[in-house]
Structures are given as C-alpha cells and as structure tokens.
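Each of the next two complexes has subunit A plus one more chain, namely subunit B in the first and subunit C in the second.
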Partner chain A sequence: MTKVSEVTVGSGGAASIEFTNIPQTGKDLLILVSAREVDTHSSDFGVYFGINSNIGGNTRALLGTGSAASSANNSSFLWSYSGNPGSGVTLNTFGNISAYIANYANSGTKSMSIDAVGENNATAAEQAIVAAQPTNTAAITSLAVWTNNLNFVQHSTASLYIVS
Partner chain B sequence: METPVKIIVDLSKPEGERETIVPLTEAEIEEREQLAIQAAQEQEAREAEEQRIAALRASAKAKLIAGEPMTAEEADTLLG
Partner chain C sequence: MPTSTYDLIASNVLGSSAASVTFSSISGSYRDLVIVITGGVTSRTGQYMTLNSDTTDANYSWVRATGTGAATQSGSSTADRSISEIIENAANNLVIIQIMDYSATNKHKSSLIRSNNASPNGVEMRALRWASTNAITSINLEAVGTTWLSGTSFYLYGIVS
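== the complex of A and B ==
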C-alpha cells in the first residue's frame, strides 16, 4: 500500500478535497479522512464521495450509538452517514472515516466499503459501517470528499493510498 | 459570507505543485445545499424511527413483565 497524497485543510476551511489524475497503477484505493465540519444544525454527519465527479450511488448502512442500532439505505448518493462532527460536538473533536474501493483502475461495477466514527468527547457518538456501490462505472481517475454543510474546518485531513 | 472553496490535488504534477484552491461555482453550492437538506431529512427520519422502535420495545417489555397482551408490532421488536 502506497500513500499517494495527504491534504490538510488550511485556516480558511474548504468545502471539498479532490484528488485528480489518480495513477492507474494499483488495484484498490483507500482514502482516510479526519474531519470536522462547520455545521450549525447537527451534531454529526457524514461526508459525500465523488467518483469521477459523480456522487451518485447506493449505500446500505448499519449504524450504532452505543445505546441504539439501526440500518439505513440511500439510493441517491454516496456518503458515510457519520464521521464528520459539526458544531454540536465537543470543540476540536474530529471524526474518522475510511473508504475502500476495489478494482478502481478498471471499468465496471465497483464495491466500496466505508467505516465511519463520529468522535465526541461526551456520552453520544455514532459509528457507521456502510456498503456502497458507485453509479459511475468508469475507471476511477478522480476521487473527492465533500462536507455536508459547505466547509471542513482547519486541520481536517484526507489521505489517499493505492493498494497494489 | 466568503465563497466556499475546494482543494484540488492534481496527482499528475510533481509534489509541491499539486494543490490548487478554487472557489465553488454557484451551481456547486446549490447542489451541496440541496444534498445537505436531503441528508438532514433522512437523518431526522432515521432518528425518529429509532425513537419509535425504542418506545415500542419499552412498552412490550412492560407488558411482558405485567403479563398483559401486546400488539404484533410490539412482539416483533422483542423477537428481532
């Protein structure tokens, strides 16, 4: 596994991080995200994934809070459900997300698995396990993560790895 | 309010020259706002359903202990 790039959001924040012209030299992709968002209405949300600038896809999620568990599905867009705390979460607490995409350099349907934890230095914290299928079936040359509500805060990071 | 930006990392370029910061277009901002609304509605619905199931489970447990008949939906929450 080779780390291709790591990006840290600067003082002004950023709405998304996009890796373009991804080398087609590996088998699978792994992206790790440490994030917190500027969000005035929620405690924890997910991030969206753009595959070749297309966020369309299906997701099936198992979610848990420590006191309750539920499942969810979405057929409109690729997202992590959790792992991106907003202003309702303890100050300076960041969530963590990993997303693994198999067979990225070939065309055809791809499987995507996502683990997300919405860290919170308090009693409530959510985690999600997500199985996803991107709508876009072309070889993946660009991969983006978006916030739910426009900006990742400073010090959020995204790291891209290629698995050979 | 400042226009939100995106960080683009062009991996075809040498390290140190890869990152550019570009303002979002109006269309991109609108698209993300719509996504945020949709995701928030989905999360609210999911949380409401979780609360409804928790209430059903509590009611079923109380009826089971008291030896009272429960509804089919309450029984389903106990049987998984």
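== the complex of A and C ==
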C-alpha cells in the first residue's frame, strides 16, 4: 500500500477534495477522510464520492446510531451516509470515512466498500457500512469527495492510497 | 496518518469458472492477512472459507449483521464455514476478509468479513471464528454447490509486522 497524496483543507474551507491523475499502476484504491462541514445541521451527514467527476451510483447501507439500527438505499448517488458532522455538533469533532475501491484501473463494473462514522462527543453518533457501485465504469483517473452542503472546514483531510 | 503496508502474497484471477480457489503454503512472517475478492458466483448458494483443510463445521462459528437497503438482518451459527449471505450472480460483488494474528499458536483465529453487493442484495459484516490454535497455512474459498464466475479475482495480502 502506497500513499499517493494527502490534502488538508485550508483556512478558507473547501467544497470538495479531489485527487487527479491517479497512477494506473495499482489494483485497488483506499481513501481515508477526516471531515467536518460548515453546514449548521446538528447531526452527522455523509459525503458524496465523485468517480471521474461522476457521483452517480447505487448504495445500500447498514446504519447504527447507538440505540437503533436501520438500512437505507440510494440509486442516484455515491453517498457515505455518515462521517461528516456539521457545525451543530461538538466543537472540534470530526467524522471518519474509509472507502475501498477494487479494480480501479480497469474499465467495467466497480465495487466500493465504505465505512463511515460520525462523532459528537455524545451518547449517539451515527455509523454506517455501505456497499456502493459507481455508475461510471471507466478506469478511475480522478476521485473526489464532496461535502453535503457548503464547505469542509479547515483541518479536514483526505488521503489516497494505492494497493498493488 | 499511519500506513499499513500490504504485501501481495498470492493472487488468482479466474480464466474460467472454478468451484474453489486455494492459497497454500502461506508464510507465517506477517502480522495479519487480507483477502480481496471481486466478482461473483454462478448461483447464490453460499461460500465457504476452509482453513488448513479443516472441513469440520463444528470448528467454525460466525455472527453477522446485514443491511438489504430496506431492512436490517442479523444471524449466527455455531457450526458453519459460510462467509456471506449476499454474494450474487453478478460481477459487482466485493468481499474483504481480514484474518488477525493468523500465525499465532496460542489462540483461536478470528476474522472480519465485509461483503458488498450494492445492487440488489446490500451490505454485510461478519465475524467468523475458527476454533483452532494452529497457524493458518492454507485457505480455501469454495462456492458451495456452484462455481465462482470466470474473471473473479482473489488477492491475498500480508500486513507487515
């Protein structure tokens, strides 16, 4: 596993973090995200994934809040469901997201395995495991994470790794 | 941010359908093992992971939680080698198996298994225990009563100590 790049959001915030010109030398990709967004919602949201600038895809998720479990699906977007708390949650708490993408350098159907967890220094914090399938089937040369709304806050990070 | 180092130990990309895939003579020089499977099976009849050729189901137990997209499910068994309930006859399955401390001889072996089928079956997490203190030297992945599809890939990684 080799780190390709790491991005830390600066003082102005950023609506997205994008990795471009991804080397086509590996088998799988792993992206790790530490995120918080400016939006004023009081709970945890997810991030959108952009595969070659396309966020289309199918997802199915298993969610837990600390007191209840549920399942959800989305046939429009690549969505992590969790891991991106807003400014309404405890100051300085960030969510975490891990997304594994197999066979990224090949064209054809691809699958993603996503783990996401929010943080709120409280009795409940949402967590999710997600199966995702991007609509875009081309070899992945760029990968982005978009916030739910407005910007990622300063100190949010994303790191991209190649598994060879 | 710390980086785990994966070493590719072995791989098998099926040129034609096959009932099972075996990784053998696995060195004990790594900390943990990771298996990544992408592809699918001819029919959804279950898949086994057999360690060191031990086919005694009573030596395996598991617990799982599944999200279908519409409902949650949970299940368990105290005598079964199954690794997933959701792997489908399609190419969009992704299964990641982590086997911790696989070469230890003083503990039973535990594994975490994530199965992903974004459409139509959902997502599953599973913990599977093999009640043996033997170091793992071989792993067989079997499509029970059916075959793995041609093109399905199996990669075995060792995580460097």
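The rule is simple: the second predicted complex is superposed on the first by the 163 of 164 C-alpha atoms of A that agree within 3 Å, B and C clash if a C-alpha of one lies under 4 Å from a C-alpha of the other, contacts with A are read in each partner's own complex, and residues count from 1 in each chain.
Convention: a residue touches a chain if its C-beta (ideal position, glycine included) is under 8 Å from a C-beta of that chain, and two chains touch if they have at least 3 such contacts.
This is a predicted model, so every value here is computed, not measured.
**Q** Kindly say whether there is room for both subunit B and subunit C on subunit A in the superposition, answering fit or clash.
**A** fit
**Q** Once chain A of both complexes is superposed, is A:59 in touch with subunit B (first), subunit C (second), both, or neither?
**A** Only subunit C is touched by A:59; subunit B is not.
**Q** Regarding the shared-chain residue A:20, is it in contact with subunit B (first), subunit C (second), both, or neither?
**A** The answer is first: A:20 touches subunit B but not subunit C.
**Q** Touch test for A:159: subunit B only (first), subunit C only (second), both, or neither?
**A** Touch status of A:159: second partner only.
**Q** With the two structures laid over each other on chain A, which partner does A:149 touch: subunit B (first), subunit C (second), both, or neither?
**A** In the superposed model, A:149 contacts subunit B only, not subunit C.
**Q** For the overlaid structures, how many degrees, to the nearest 10, lie between subunit B and subunit C at the C-alpha centre of subunit A?
**A** 100
**Q** For A:70, decide between first (touching subunit B), second (touching subunit C), both and neither.
**A** The answer is both, since A:70 touches subunit B and subunit C.
**Q** Between subunit B and subunit C, whom does A:91 touch in the aligned arrangement: first, second, both, or neither?
**A** After superposition on chain A, A:91 lies in contact with neither partner.
**Q** Please provide the least distance in Å between a C-alpha atom of subunit B and a C-alpha atom of subunit C in the combined superposition.
**A** 7
**Q** Find the residues of subunit A that appear in the contact set with subunit B and again in the contact set with subunit C.
**A** In subunit A, residues 63, 70, 72 are touched by subunit B and also by subunit C.
**Q** Which subunit A residues qualify as touching subunit C in the complex?
**A** 1, 3, 6, 27-28, 32, 57-63, 69-73, 75, 100, 102-103, 108-113, 129-133, 157, 159, 161, 163-164
**Q** Going by the contact rule set out above, which residues of subunit C touch subunit A in the complex?
**A** Where subunit C meets subunit A, its residues are 1, 3-6, 8, 36, 38, 65-72, 90-94, 96, 114-119, 121-125, 153, 155, 157.
**Q** Please give the residue numbers of subunit A that touch subunit B in the complex, ascending.
**A** 4-5, 7, 9, 12-23, 41-42, 45-46, 48, 55, 63, 68, 70, 72, 74, 76-77, 79, 144, 146-151, 160
**Q** Which of the residues in subunit B end up touching subunit A in this complex?
**A** Touch residues, subunit B against subunit A: 2, 4-13, 18-19, 21, 24, 29, 32-33, 35-36, 38-40, 42-43, 46, 49-50, 53-54.
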